[in-house]
Amino acid sequence: MAYDTSVTPDAVADLSAREMRRSVMSRWGLRAGVVIGWLAFIGVWYVFSGAVLGTQQLPPPHTVAAEAWQVVTGDGFGATLWASLLRVIVGCTLALSASIVLGMVIAYSAWWRGLLGVLTRFFVSIPTVALAILALILFGVSGLGPMLTAALVATPYVMSSVAQGLTGVDRRLIVMSESFGRTRSQIITGVLLPSSVLAVIGGARQAFALAWRITLLTEVFASSDGVGFQIRRSFESYDVRGLLAWTALFIGLMFIFENFVFRQLERRAFGGAHVSQATAESTQ
Amino acid sequence: MSYAADLPTAPEFSQASGTPQSAPAQAVHWTRKPWFINALAVAILLVVWQYLYSVNERVPSIDEVVSFLGVELGGGSHGGVSRGEFWGPLSISLQRYVIGLAIGVPVGGLLGLLIGGSRRFRSVLNDTVLVLLVLPSVVWAFAASLWFGIGSTAPVVAVVLTAVPFMAVNLSSGIRGLDPGLALMSDAFRVPRLRRATHLLVGGALSNAVTGVRLAFMTSWNSLLIVEWFGTASGVGWRAKHWYDAQRFEGFVAWILLFVVFITLLDWLVLRRLEHRSTRWQQQPTLTFAEGEVT
Amino acid sequence: MATILIENLTKVYPPTPTYPQQVQALGGVSMSVTGNVFVAVLGPSGSGKTTLLNIVAGVEEPTAGAVRVVQDGVPAQVGYVFQEPRLLPWRSVLDNMLYVQNRKSDRSKREAEFYLSMVGLSDVAHLYPAQLSAGMQQRVGIARAFLVNPDVLLMDEPFSHMDALTGRSLRDYLQRIWAHTRKTALFVTHDVGEAVELADRILMLRPGGVVFDDIPVNLQRPRRPDDAAVRAVETEVLRRFDSMEAAVRFGDQRN
């Protein structure tokens, strides 16, 4: 900046200290709000557990936490988790690779967009529970059902967000590249791919969230291991404690993936996208 | 040939609504017409079905399912053992669905208004709503049927609990996405609170609200089916399970088709129209004349 | 008669996560404007012009100091034209006009249509803002500000996003409509030519939000940007602008 805007005479320093206190206080106020929100959540849980549904029907938070701890430290937790996680990862990978291909096809061909649009609408309107049971009919009780169902359900969503990422590429960058005589493949690697990396990561994140839910649901019906199977077993033995403990673990896992894996990935790719765009321009 | 010209101008895949955006009808080749593409899609699905039937003996054939549908819808006899039932289970499920949504959508909408409109409410309520959103519907379904038994309470509760977070999250993100400059403009002109709520908040977040309603409708239908499958002795979900348990897979598949028809009709006849109306202002073509031509 | 009285107005923004330094937008501005005058507030980026307008409009709180905007002893009605049009995209042009109109009557709609015709937009009242060009949208913004029958008119670089030709035709619209109403006006700009063309008085701000100079412009109206008299004043203002830059650069804290 050409000018120094932080000229601060003493009188103003006082005033700014006051503004500062106000803004810090409001920030702490919001943090306190989050704490209050969680306390209220737990409080409501206790009230429902103690006074409305009964501790048998709805065990209080500390009982569920203890149960969750027992599950985590007990035998077979790693195996159960791994069984589900493997299905999610394979399902996700299938969905993502199919989506990238189909997303490109959709983005550049109106005819395919029309056809895949109709098919997509059909699959999206099948209730996932019906898909889970269809998987049971087709594959019996096996690990294959959850995996393929997850891929099938996730693909339409991820595909359309990849396609949107591709069509959302700044056309001016393409025109710019053409004006500098770049070839088609240079434009694809230099502009299109870097610009759509974020969309693909967004798609992966979406695929992951969807795949978890569908895998879980399909495991409820058509599996003899995994988190979904454990949830079903708890349900069939009227074990609300186990049901909630597994659910809490599931939510915790989702939180970890969302905040640590995908956010990191996004941060890294965002930097990468800028770097490769810059090189695409400077190759001239 | 410019590469940029190859890129489609309409970026919204979801708004392509299954048919290619077409100009005057006579200019379009017949392979690009909507009826052809729709027919092709149906044909593909039927071929896949036929293939699955030929490789897997548990998969019912197309005509088995069709004739089953005829009996179930017409109330005829299923091989002398039991009679077809359609309207009975459907009306029970619809009742639960409508009651649940009538509670869940307004409650979720109110939550969304609070979270979107006030930073304080947002800090307090946001995490809870997100936890509700992440919870798989099967957990709601199981918990509700363990708490409330096999009556109609469990499905209604499951529908409510599924609808609320979808509504809340969509509406609040719509409100928070509003341009803060518009709020400042309203401040500067001293626009009264009520008009501001109806024109600024509702006007701006309407399309998100409608999307929220649509998602709430779709996902809570799924929750309803799960509860009915596991925890009730009536309704369409129970009926589908009934045939599944009887190893009559043609009956099960027939009901799945009915579910698809139901949700598709709902989507096309009601929800998409609502969505289209609420986003009409984004779809108008821009005037092409130059500045100053209209005076 | 409208009066804007500003005393020792100071505004300091605390650091934020995106900009970790505190910023002094206004450092003790005092001024008074009375009657049917058009005042241009001229200054480079960072001289607190927009903050000044927002505080006068009552949409931002000052850190210290006082602002009184009164019309015959009661709080004045303010009309604001923003840098961007700021129209509700989901309402038609006419509905956007009616949105800000607080005294509803059966004449409301006709008044809105009158001001739209003043900016040459009678034919597009039923269209959505996105269907109009940027210049046309800004004309709706101008018509909207006049519609509330303001005692004080605030304008924040309304033409800075326009190309030069559009800006020029919009300045003509503004001159015409202002001559019709002659409201007390506060017009923020960083464009010296624009200030001289439109204003009766130019208030020059320097970075840090301090008044550097207060220049009367006594020229006939209507003015054209290429009039010799306008050019002469412009040269004079530019000269003072240069001396301000020099003063800022060489560390002279107060003029």
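A, B and C label the chains in the order they appear, each numbered from 1.
Keep this in mind: a residue touches a chain if its C-beta (ideal position, glycine included) is under 8 Å from a C-beta of that chain, and two chains touch if they have at least 3 such contacts.
Fair warning: this is a prediction, and the values are worked out from it, not measured in the lab.
Chain contacts in this assembly form a complete graph, since each chain touches every other chain.
In terms of C-beta pairs in contact, A-B outnumbers the other of A-B and A-C.
For the pair subunit A and subunit C, the distance between mean C-alpha positions equals 46 Å. Between the Cα centres of subunit A and subunit B there is a gap of 20 Å. Residue ranges on subunit C touching subunit B, taken from their complex, read 54, 57-59, 78-80, 82, 84, 86, 88-91, 95, 99-100, 102, 120-121, 123-124, 127-128, 130-133, 135-136, 144, 148, 154, 166, 169. The part of subunit B that touches subunit A in the complex is made up of residues 2-4, 6-8, 10-14, 16-21, 31-32, 34, 37-38, 40-41, 44-45, 52, 56, 58-59, 119-120, 122-128, 131, 134-139, 142-143, 146-147, 218, 221-222, 225-226, 229-230, 237, 240, 244, 249, 252-253, 256, 259-260, 263-264, 267. Across the interface of their complex, subunit A is touched by residues 10, 12-16, 21-24, 27, 44, 46, 63-64, 207-208, 248, 253 of subunit C. Residues 179, 181-182, 184-192, 195, 199-200, 203-204, 206, 281-282, 284-287, 290-292, 294-295 of subunit B are the ones touching subunit C in the complex.
Residues of subunit A touching subunit B in their complex: 29-34, 36-38, 40-41, 53, 57-58, 106-108, 110-111, 113-115, 117-119, 121-122, 124-130, 133-134, 137-138, 160, 163-164, 167-169, 171, 174-175, 178, 184, 187, 213, 216-217, 220, 228, 231-232, 234-235, 238, 240, 243-244, 247, 250-251, 254-255.
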